């Protein structure tokens, strides 16, 4: 009889469902983490904030051309042999994290880091400014300015949140010699 | 430890709270009506405060239990495992802006939360927290719960209508349909117990369940399947009465956004919340009073009664059957661990409960029912409104009627 | 299995005036159909028991500078086995200044939205469509963005879009 | 008392009106910014008119202004639950247009990740469907499983949602070390989790009563409205492009085309659409296993010229996405940028059937039907 079967089946299946939720309540470990205290270990290939190494950059603009959203701004000064990169900026508020620029770069000068906490109070902090491209003879001496992760936290506000070096990712600042 | 005397109705003198509460009123009342009224007011305020504290606790528990069932962490920030969340939540809500939509029917919109709250808090007056601790031991206690509790309906409809929001209106209409319908199965299953006891007084119903054999005296285990079915009907209909998932059609967040409290914010919104959890407590307490022996302790004082043997024999048979079912259906999944842990927890609780006073018994039983409600909420999907009506009119009410009839016949010829 | 060529020939025989050339591009072949006849031709393609094109995959629009074109991808699917019996592509071109193509919304239900989309973004008007209005952009949007000569507006309802 | 006159009077007094409600664009169960103009008669839905376009991002116009390979990251954002599949269809469309060959290993990786993404997408669909019907817990169990898949993707391409992993002529990078083992570790307990989901949700009688015999799509009507994917297969049409017109290397794998069986009600009802997704996950697991077994060594990407220019021509390429048939109609004029791209979003077509089937259902059924179609607004509005 359909009526009785319906009632019986409802009770039975509900009880089975309750068994499963009870099993999770008692036996299954929690899988979420408390975010700022605990962080996931990021894989090596994680595509985080871009970082440009001006010691390697040749100013070929391949990355800027490969960018679908034109977030890499490269400007030059001088002519002929003196031509050098005057401005190398990445606007990470525009960036779509596709990683095409990294693929385009032949010198592996631009690369993704494991940094992903990019919130900041001033939009201008989203523009990552990298060191001026070196002239040929200056090459070993020049260095990149303090890069990606410091830009957000070095804003006027300097919120309590982001520590300069996160345990999850090796901050790009640490990679410098 | 003194054994509970066999005579039904004797106050449980085991614990001090009861002593205090038994003699204090009489002492005070000898000093005049006013003192007694003041005393009652204080106790009422205490109950009010207690319920508010319970709501905070329940909200935190709900969050933790749901989180654990879903393999999440839940609130963890404030205090140990987020315990302080209990205090933080109300403070946050109190600080929020109290909004009233421009097109709303302002007086009714403002008033509705208080109506809901008042109706649900008023019900606690007849709850027998222990042998002596009851605000008003009315002769029509159960009837009072059913009728005053229906005041919630008025508040919800007011809120839904006055919001001037179409979703809220839907919710108000659903509320009317649901609550009015589900009063009937609740009422019918209450009547079975009332027939059994012969009184509407909540205190008398509890006293009728006092027994030497502990659990065996509960109404739940009287005439084996009859009162269990009655309890089931009561519990399911009660869930619907208090708008609790899976029957939360009035606020059905995936359909009606949030139903009648869509437009509310801040403290007013939290009153609905408070009332919802208070209502849950009422249904659990009523269920405890009617079927689970109220404040009657689980302690077995004289094992060699017929009640005792009937009850535990039945329990053993049931356990054996469940075990057989389990091995047949779930053996490959290896869940013996679950059974062992559950049994261990039950035994531990039972042992621990030997020493607790009757007020605690009452609360523990009620909270256990509340836990079941939460458990259901985080497991089951929500039926449709017509299915809900079907469940009420075509399943619960006929079943409740048959039950009523059977109890009536038994009452005539058994005793 | 009927090849596009054969379908084209059948159409040509049925509608000698309305069906144009069969264009064989390297990847995809298609027939040219007169814009005013699209409704007739499609109704035939669907009703004909042998062809029975019951599935309109998509209506795409192309800006051909001089003309605006709508490209119809049709498939005939066997409901029992789920196999595609045959497929067919046809294109209708309408002049840019007065782009009107007969609607197929009464032939396939899916055309109702797809034609609205083409109308919205390319500005081809479908004659006989039950409810031809913009679908993706706002009702008071000006212009049809997918046309090659479309100029993006500077402001919209007072919002600076630059 | 003149009875009849009185009755007529009362009838007039009780005249009821239709009520028009905006469901969305901000509503918990419209799965994004979809707006449904619902005309109801009490709880009964009289007429539904979906209003879309709140998430329109001019993808087709953007494509005209970008080189072929630069449009790849944008395809991720179409059906953002199945970025791999969108990438894949775009890559294959351009490859077909330009006649690019893909290395064997890349094909296997593509199939594998496409199927894993199908599982991930179906998990969301199934979980949120439960959410639409008012049960909270299954969605989190589903997301738990999905997270594991996203972890695999993250280890491979560095992103969890917008993968940009496929390239024209292959994939971006080879698999990292140990990924094959990790995939196997994910697959092995997965079927048990599906069983659990079935017990918790699919078999639950309340759930069955909510979904069976509700919102039936007759096969002919479904096809008429261009409904594809699991939603069409649930109506009993075994149309799956992986079988009907095998692209890539799908002709090498053994799997079943999942068809609605009408187990709990009518063929093509809401339960069937839900169930098809659940069973399809198991089929995808089979395909991934076969991929892992047959994974060859070698290159993963064909070298393309620095400035990639496909020859003149146009093509409509369709791929079987989790939601249905995703089609890219690409017109090339021989320059590095496509001259026109049209995207046939499966969700767009699947959603268009709503006005036709949601007549006379209850408001709660409307939510169920919408959830069972499994739309993603990123793809509806493009």
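Each chain carries a letter (A, B, C and D) given by its place in the written order, and its residues are counted from 1.
In this section, a residue touches a chain if its C-beta (ideal position, glycine included) is under 8 Å from a C-beta of that chain, and two chains touch if they have at least 3 such contacts.
Owing to the predicted nature of the structure, the values given are computational and were not obtained by experimental measurement.
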| item | value |
| --- | --- |
| Chain of greatest Cα-centre distance to subunit A | B |
| CA centroid of subunit B to CA centroid of subunit C, Å | 63 |
| Distance from subunit D to subunit A - Cα centre to Cα centre, in angstrom | 28 |
| Between subunit A and subunit B, centroid-to-centroid distance (C-alpha), Å | 51 |
| Distance from the mean Cα position of subunit D to that of subunit C, given in whole angstrom | 24 |
| In subunit A, residues with contacts to at least two other chains | 14, 17, 20-21, 24, 31 |
| Subunit B residues counted as touching two or more neighbouring chains | 69-72, 378-380 |
| Multi-chain contact residues (two or more partners), subunit C | none |
| Touch relationships between chains, expressed as pairs | A-B, A-D, B-D, C-D |
| Residue numbers on subunit B that touch subunit D, as the complex places them | 66, 69-72, 166-167, 170, 173, 245-246, 248, 252-255, 257, 377-387 |
| Contact footprint of subunit D on subunit C as seen in their complex | 25-28, 54-58, 60-63, 71, 73, 77, 79, 81-84, 89, 108-110, 112-114, 117, 121, 134-138, 145-146 |
| Residues of subunit B defined as touching subunit A within the complex | 65, 67-73, 76-77, 335, 337-338, 341, 375-376, 378-380, 394-395 |
| Subunit A residues within the subunit D interface of the complex | 6, 9-10, 12-14, 16-17, 20-21, 24, 31, 42-47, 66-68, 96-100, 103, 112 |
| Interface residues, subunit D side, partner subunit A - complex | 66, 69-74, 137, 141, 144, 147, 151, 154-159, 162, 164, 172-173, 176, 196, 199-201, 203-206, 209 |
